[in-house]
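Note that the chains are named A, B, C, D, E and F in the order they appear, and that numbering of residues resets to 1 at the start of each chain.
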Amino acid sequence: MLFLTRKEHFNAAHRLWNPGWSEQKNHAVFGKCANPNFHGHNFDLFVCVKGIPNPDTGCVMDLKVLKYIIREQVIDPLDHKNLNMDIPWLAHTIPSIEMVVLAIWNRLEDKLPPGVSLHKITLWETENNFVEYFGE
Amino acid sequence: MLFLTRKEHFNAAHRLWNPGWSEQKNHAVFGKCANPNFHGHNFDLFVCVKGIPNPDTGCVMDLKVLKYIIREQVIDPLDHKNLNMDIPWLAHTIPSIEMVVLAIWNRLEDKLPPGVSLHKITLWETENNFVEYFGE
Amino acid sequence: MLFLTRKEHFNAAHRLWNPGWSEQKNHAVFGKCANPNFHGHNFDLFVCVKGIPNPDTGCVMDLKVLKYIIREQVIDPLDHKNLNMDIPWLAHTIPSIEMVVLAIWNRLEDKLPPGVSLHKITLWETENNFVEYFGE
Amino acid sequence: MLFLTRKEHFNAAHRLWNPGWSEQKNHAVFGKCANPNFHGHNFDLFVCVKGIPNPDTGCVMDLKVLKYIIREQVIDPLDHKNLNMDIPWLAHTIPSIEMVVLAIWNRLEDKLPPGVSLHKITLWETENNFVEYFGE
Amino acid sequence: MLFLTRKEHFNAAHRLWNPGWSEQKNHAVFGKCANPNFHGHNFDLFVCVKGIPNPDTGCVMDLKVLKYIIREQVIDPLDHKNLNMDIPWLAHTIPSIEMVVLAIWNRLEDKLPPGVSLHKITLWETENNFVEYFGE
Amino acid sequence: MLFLTRKEHFNAAHRLWNPGWSEQKNHAVFGKCANPNFHGHNFDLFVCVKGIPNPDTGCVMDLKVLKYIIREQVIDPLDHKNLNMDIPWLAHTIPSIEMVVLAIWNRLEDKLPPGVSLHKITLWETENNFVEYFGE
């Protein structure tokens, strides 16, 4: 079993905001992350899949295909967008990196070719913090 | 003459938009950078100053002071903010990295201690593009 | 279950030295790492915690709190210090990155809020070597 | 149990090519990676070993010894070489990073000192893709 | 005057070899860089242009256009190729990074839009060495 | 004229301390950088030389020779050492990165081969600050 990881990135705006809370409580809990006009990040996304290398190619899967799937399912919808306002599959979600990672897992889990399965999604928000999810 | 550089960073939202143009022209010129609900970046800022090291300290200037000046003048106002909407000294400016660099130069130029002068401002928008300004 | 990681760093001096050995044996085993007047590093510390995101915030825990705990327990005591001489909780310890990681684990393990547990401590000594510890 | 990782790197040429296939099929499957005159990469290799720190040294193993083993077994044979043509232990192998990782595992697995075992081999081909292998 | 830099990269094989020299002399001068079956690198290319920002856009030039010019003139021809054998505009050239930088300058110098001029080409061969050229 | 840069690094201990000042004044001016038992850093050194490429090699100078000169003159003397106590050519110097850069320039300036001259020395102390010197 080998683990193959592809890095992609997107630039997006977001803010942390619970619409069920008062403005005061949002600022108390989320601090400057609750700024009403949003802020943004360069998000680095690592998608890790696992499988047995195909003996004819020596590869777990075609990296061009993996790149295409990630771009179609995740990067094209999210890049240069507002995560609070523009993304139907993040509606009714507080777009913390934890919630975005869960949503990305669900977007990718059943899109991989036979014999390959999704192992881990990692999302870096800044060079100082990131989240990982293994699907359970 | 030695050149001392300090790196700081801020996370902000922005979009490229010329209010004197139609929506159609803005999208034609700026592409996805004109998304109406903004996008964002992790901006890396490098401030380079020059001077003769003080013989008593061996330093061009106190790095804690340089850090404090940059944070007070630039990072605290810009971090977790929207560059189009939240910053008085960027009002009536298209917040491209070129225009932001010029504004940062003007904020810092006369704040340095005697014997030290501002040499260069560098601003990275993503790991693939950045702008430099030498004050002229 | 999601895994949230925060990066912090500190700059410190140390040397590898077993006080129960002769000077000759220390130099034979540790080479230049045993230099009597110490050397030093920029240490990068990654603290990984795990938990279920709080449905009200979308977050495993408040990143500001995690940062505060790491700084109070680890960074403030170690930054700009000598790991062989200045740190009570490293006394009688050879300050290899292995031993420092174990000590950092013990400092942090019971400081996290309810519902969150420490998963991994990673410490980079140079860009070419690092140690990981999972608590067992 | 602690996990100690050492990074090394090598620069090599390769191409993805299945000699049992037609030229046409190779280009269809491997795309530009099948270019007949090869291309190349700066490969970053991370070797992770695990063990209990020796109480006399505080270390899982002597990092100089680990570095020497990796250089002798992997870096010296591969650096500035052609992975398709120059390496006896990669002959009859499609030199994808998956196959190279498996071969590196086999080169290193039984070379480590007593009490230390190989945990993971990671090989980065570009800053955007890498493979990991845990030996099973 | 502002300086705008765009980073691109390509992966290529090469070797250092003077066809007017004996095999013995080539190996004596170039060492392992003369390996007959080539080796390779992940080359990072930084293209720096200078100009006055357009008051209507706030930009020195359209970054999408700069990216397109670099890809058409440099990246598409060089990526996944052999610099000694595959590139007409590097024929009869020893493909050191110095010679490649000069050739890239000549490819780009007259392709930029009016009001913008090429300032510097930087080419990284590994993370430890790079070359810069200012056109004179 | 081309500019060739080589990166090397060393790990060392130091502290900022003016022996002509009281302990109190040293702590007031240098803060935690004055800790009596030293602290340390992973220093990254970039040495930039300039020259015309040799038409027989395509290179400004032999990179192996440049590496050898830097290691002999700078890295071997400084690596795993205490910059305040162990280095004869830094005695009576406050080992700020400014003063170390000046001393490195003097060590290297007249060691280069004919036709090549030293252009710039850059020294990074942490990933957030560095100093550059052009020899005048």
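By our rule, a residue touches a chain if its C-beta (ideal position, glycine included) is under 8 Å from a C-beta of that chain, and two chains touch if they have at least 3 such contacts.
Given the structure is predicted, the values throughout are model-derived calculations rather than measurements.
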| item | value |
| --- | --- |
| Required steps from subunit D to subunit E (each step between touching chains, minimum) | 1 |
| Chain copies touching (subunit A, subunit D) - same or different residues, decided at half shared | different |
| Relative orientation of copies subunit A and subunit B, as a Cα rotation angle in degrees, nearest 5 | 180 |
| Distance from subunit D to subunit C - Cα centre to Cα centre, in angstrom | 29 |
| Approximate Å spacing (C-alpha centroids) for the pair subunit B, subunit D | 42 |
| Multi-partner residues of subunit D (at least 2 other chains) | 127 |
| Listing of all chain pairs that touch each other, if any do | A-B, A-C, A-D, B-E, B-F, C-D, C-F, D-E, E-F |
| Residue ranges of subunit A in contact with subunit B within the complex | 9, 11-14, 32-33, 35, 37-42, 79-82, 85-86, 126-127 |
| Contact footprint of subunit C on subunit A as seen in their complex | 16, 18, 20-21, 29-31, 93-96, 98-99, 101-102, 127-134, 136 |
| Residues of subunit B that touch subunit F when the two form their complex | 1-8, 48, 53, 56-60, 62-64 |
